[in-house]
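Two complexes come next, and they have one chain in common, chain A, joined by chain B in the first and chain C in the second.
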Partner chain A sequence: MTLPTPPQPLTFPALTFAKLAPRPFLTAHLTSPSGPLRPSGRLPSQPRAPTCNAGSLTHANGSAVVRCGDTAAVCGVRAEILKVDDVAGYEGREVEDGGDEDGDEDGEEDEEERRSEEREPKRRRNDRDDLARLMLLVPNIELATGCSPAHLPGGPPSVLAQTLTQRVMRLLLTGDMIGLEPLRIWFRPTEGAAGATGDERIGGDGGEMEARRAGDEDGIAKAEVKAFWVLYIDVLFISLDGNAFDAAWFAILAALRDTLLPRAWWDADREMVLCSDEVAEAGRLVVRDVLVPLSFGVFEGEGMGVGEEGREEGKGRWVLVDMDGFEEGLCREEGTVVVGEGGRVVRIEKSGGLGVGVGEMTGLVELAVKRREEWMRVLGML
Partner chain B sequence: MANTTLSPLHRADGSARYTKNGYSVIAAVNGPIEVQRRDELPEEAAVDVAVRPAAGLGGLPERHLESILQNTLRHVIVVSAHPRTLIQFTLQIVTSPGDDSVTGSLPQASSNLPVLPALLQASILALLSTSIPLFMTLTATLVAVNPNGILLVEPSVQEIKLASSIHVLAFSSHGDLLVVESEGDFTIDKWEEVHKKAKSICHEEAGDESESGSEDVSMSSDDSSKIENVLKEAVERKIAKEQRWKESTG
Partner chain C sequence: MTDRRRINGPPSGTSPPVFASSLSSKVFPAKRKRAPDELRKIFLKTGLTPSASGSAYLELEPSTPTAAHKSLATKAPALKLTCTVHGPRPLPRSAPFSPQLSLSTRIKFAPFAARQRKGYVPDAGERDLAAHLETALRGVLIGERWPKSGVDVVVTVLEGGEDALWNRGQSSDGGRTGGWGMMSILSGCITVASAAIIDAGIDCIDVVTGGVAAIVRQPTAPPQVFIDPCPADQEEIYATCVVGYLQTRDEITELWTKGNVTLSIDLGFEHLLDQAVEAAVAARLVLIEAIKESTEIKVQTSRIGHPKNAAS
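And now, the complex of A and B:
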């Protein structure tokens, strides 16, 4: 007696399976007996390794190309001059002494130091207000570059592109990354005398102080802010495979750190801003803090039927960080945490589901702190 | 104190007006209606949200709010009940507390988050006024943390301006965290504190239920600090209105 040959099981390559039944495909990976592993071979809490190349555009003040897996973005920072006279309803704020944003006040007296420390949060808030009001940081994110089939070139900016731009803008403004001081262009009445002292310090801030003091004493024209640098920050996606926000932000961060602003001053005779073309005189933009985002999604397995032990298999929730395009298509709940120096959290956002509560969020913030170290290494800061 | 009106618009399938903390929002829901071919989803209803600001045309901040709302409402509505249809939300911000100072005149200078709780509440109330099946309802609130670390619930415009961080949190009717939008400068410990505070405002703990159950309905409705009660009250009013014929004939 011959047993009937068992029917050949229907088999097809993994890629076809992923296309036909994406949800069970991802569920099968995450419920594999050897522990949850994503189709890309990463653990659920493992982000993709980043690479960064700064200064790749020659005609921008700062630029960077950033790649995370198959997501690649290029960012260019262009600085343009905004004259104060061109701002409708501009009222100059009394600017505090000194341009040392990072508190380099070794030579100052104790009392003055304490006073300035008290005023520091207020000044920073005023600076932030001015940055926003004058729109000195103008980010734009372009997805319609043929970076992915979902974003066809030639159309108006998609909702995703607009949302990304808004999120980046809010993070730039609330994250307190860039001070107003490096963006101010001063009028210094005693240009010649101050120039010599100013050259000793990077950025020429000391010169401004000297000039201001000299001006006050003599009772002649004071040093005043005549113009601002406006930073146009453009991000173009070369390729998009999930997690656009993190890639865009890293590109912006790296480009801002690469930004050189030429030495600029107001020429009273010609009534215009002049810039020095000496590269040695140009100042690098000070980025106060490296803010690092970590985006995540929550995949909810729908279940693959009742298993042998009578319990339902494949039901569950997995928090996946740094999703690729395939995973993004399957996750409804998405969010981002952004951390800065010393465990400070700058932004937490999530919507679309119930998978992430307080406990998960705490874990994600810890992961983001680790991610920050990884990024600092890539940027050459560690 | 929140002020709600259900079905102020007669031509929409469902509508609601929600006023709180200086923000007033009218929400209209139409659905399930026919969907454009390119937006059609084979297994569920598409959710479309349009947010109109109090003044001017919508821009980037509104697009951002729309995507948060769309993502959230898609989870709240039983979308699988109406495949290949569209559920359309139109939210008009009627008033927002104006900041008269010069710095507040530009939209990009201030955060777009303070209006989010009102938008969420208005849309959930509009959904309640239609007959679209829901998995859950939601309640949302705004908490600010001032530089001294003190939590301010439903802060004023000035308080938001001076705050070191602001947080919008929304909770489902089961008490799970549904939406978070936090920005500013804070620590995770502070955030947990904010979460606890917001949850106590938005959602009645299981322990509280027996307590409120012993009280009569009007007493618990008076407790306006619980946003859930605002929803309850609105639904009670709606039911009372719809049952009027029965009471008069009975």
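And now, the complex of A and C:
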């Protein structure tokens, strides 16, 4: 709007109006006779279409660039090695039988009688505890990239950045997306000799896995976890126009699905972990579930007063899904619904008001399920 | 000095993976396939961050396409930079009076930008680069037109040139070749920041672009001057020179040379400088093209009245 326009003294461009009186501006849009429509042209329940480009960064094990409207984020997942010897007070869990030393009431004998599928939830819980205790997932969200005028570098991370990081961390851990098994680096005595020479061990991966599995069940070969992969998950915002959480999460999800972990083994002679640089031998990280958040805000219209026809205008309450920066500035009540496979509700966060009841929340969960389909299509899973 | 505001990972620290192939003495030879005076392909686009006054993205392709690689250790990195410009805007009331536009530049590497994971706290190298960038840009801005105002230029390095490959990173060679990658990054930073400043509509006396040239050892022939050296090419470099150059005024706003420059004619400082200027002139063509493109889009959207968000 920089071109010289003929002077029109009594009208303003929409942009000026939005800046001068944002609340009536948004109310006017939502109460327009043609139905509620947001300034961006979206329906209140219509999220922005995401785009995703995975695997574009060279130095990251997995990466993704995600754009939702004017919000764009880059996520890089970087895997580094944590030796168990370096962990203070590390006590190895018996991985094979799923028993734990944390003092559960189940004895060893009961444990053996159980079926493996019965043990599965417990193993998952143990894995989740270990992930959290060893701090194997390290997400950080950086907003201070000049992604919006409110976020300039040169200070500690903003409150928003810290909150986002913590929320992402919690969802990563409670959502049970990543198992511990792909992050374990094993020492297998039988293959130690072969591992040391490094170059000759090509194409033996399948057999080796078999060998380990067999060894595990018999308990003969003393396979031992010597190290873990630590995933540093860094999200940088290139551009921020509202709904940072959804964009950050989507970037993380896409980057994790893109993550390639090199085949790694413990070299007993060198007492260090070595990796194979063959792309063919590297393993894709398994992401168990696609958790999809849907953030929303509740806008309460006010301030329009009595309209020309005598009816009261601007009263109402709208649930706006996937808000942009302008709308975020006007909504006090905000929240997020996270759904997983089959419409499983993983997490609900909401704060700031009483506008959303059970009925609205049910509707939002349905929207989130739809949003999940959209994301999966973008990720190429549907 | 643990940073309690971020998540730091295991307290005992972690180590980057070591590839078994890097322990053997296999060294990949230098492989520059470009001609000595040929630049890498430049991709430049403005307007990536709508909420900033100006923004730009620059990418320099790796010399060898990554898809061809079968090894995780020898993937060739590209150079990827984003830049946002905020302002000019009034300085805070507490700031002392400044008759000119006060420029502040920041360069930050993403944690995944280089082979070594970088922390979030700015290190000396980043501050050094930012100071060089500030020098390069200060010479083009017409600062008198904005008294009592400030402008922030923020460059984020998403992927940076790397000094050595994995294979060499462990060897004794690593230390000697250190630091050359920074020179290419600075050259890219100058170009991308220039594009973002123009996108922000800040008055400049000319368009500044960055160029870099290096004296490179040849295995069989005498050393030669290459423009736009790429760290992934595994060249052995004697000296590098970066310039920020204004073509129409034939002026240099920033000059940074490092290494051993001999006094001979075809390898001397003058020649190296000329070649760096050459590179800057070539980058200028791309920059002008990108600006034209984005200006056309801007004009079009303002004509049809683009329903832009009011978020500021």
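Following the convention adopted for this analysis, the second predicted complex is superposed on the first by the 319 of 382 C-alpha atoms of A that agree within 3 Å, B and C clash if a C-alpha of one lies under 4 Å from a C-alpha of the other, contacts with A are read in each partner's own complex, and residues count from 1 in each chain.
Going forward, contacts are C-beta pairs under 8 Å (C-beta built on N, C-alpha and C of every residue); 3 or more make two chains touch, one makes a residue touch a chain.
Note that this is a predicted model, so its numbers are computed, not measured.
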Exercise for review: Return first, second, both or neither, reflecting whether A:D176 touches chain B, chain C, both chains, or no partner chain.
Suggested key: first
Review point. A:V74 contacts which: chain B (first), chain C (second), both, neither?
Key: second
Check your understanding: Looking at the overlay, does A:L82 come into contact with chain B only (first), chain C only (second), both, or neither?
Key -> second
Exercise for review: Would you check which partner chain A:R347 touches, where first means chain B only, second means chain C only, and both and neither mean what they say?
Suggested key: first
Check your understanding: Which holds for A:Q162: it touches chain B only (first), chain C only (second), both, or neither?
Key -> both
Review point. Is A:A28 touching the first partner chain B, the second partner chain C, both, or neither of them?
Key: neither
Exercise for review: Identify which of chain B and chain C touches the larger number of residues of chain A.
Suggested key: C
Check your understanding: Which of the two partners, first being chain B and second being chain C, lies in contact with A:L260: first, second, both, or neither?
Key -> second
Check your understanding: Between chain B (first) and chain C (second), which, if any, makes contact with A:P121: first, second, both or neither?
Key -> first
Review point. Should A:M135 be classified as contacting the first partner (chain B), the second (chain C), both, or neither?
Key: both
Practice item. List the residues of chain A that touch chain B in one complex and chain C in the other. Key: 135, 162, 165, 169
Check your understanding: Taking the complex as given, what residues does chain C use to touch chain A?
Key -> 5-24, 48-52, 55, 62, 66, 69-78, 80, 82, 84-86, 106, 108, 110-115, 117, 120, 122, 152, 154, 156, 158-159, 162, 166, 201, 298-299, 302-303, 305, 307-312
Point to revise | Residues on chain A engaged by chain B in the complex (per definition of touch) | key: 89, 91, 121, 125, 129, 132-133, 135, 159-160, 162-163, 165-167, 169-171, 173-174, 176, 332-335, 340, 343-354, 356-358, 361-362, 365
Practice item. Could you please specify the touching residues of chain A with respect to chain C in the complex? Key: 1-3, 14-15, 17-19, 22, 25, 39-41, 57-60, 63, 70, 72, 74, 76-83, 86-88, 134-136, 138-140, 142, 144-149, 152-154, 156-157, 162, 165, 169, 198-199, 230, 232, 234, 236, 238-242, 260, 262, 264, 272-280, 282, 324-326, 329
Point to revise | Touching residues (chain side chain B, partner chain A) in the complex | key: 60-61, 63-64, 66-68, 71-72, 74-75, 102-103, 106, 108-112, 147, 162, 167, 172, 174, 176-188, 191-192, 195
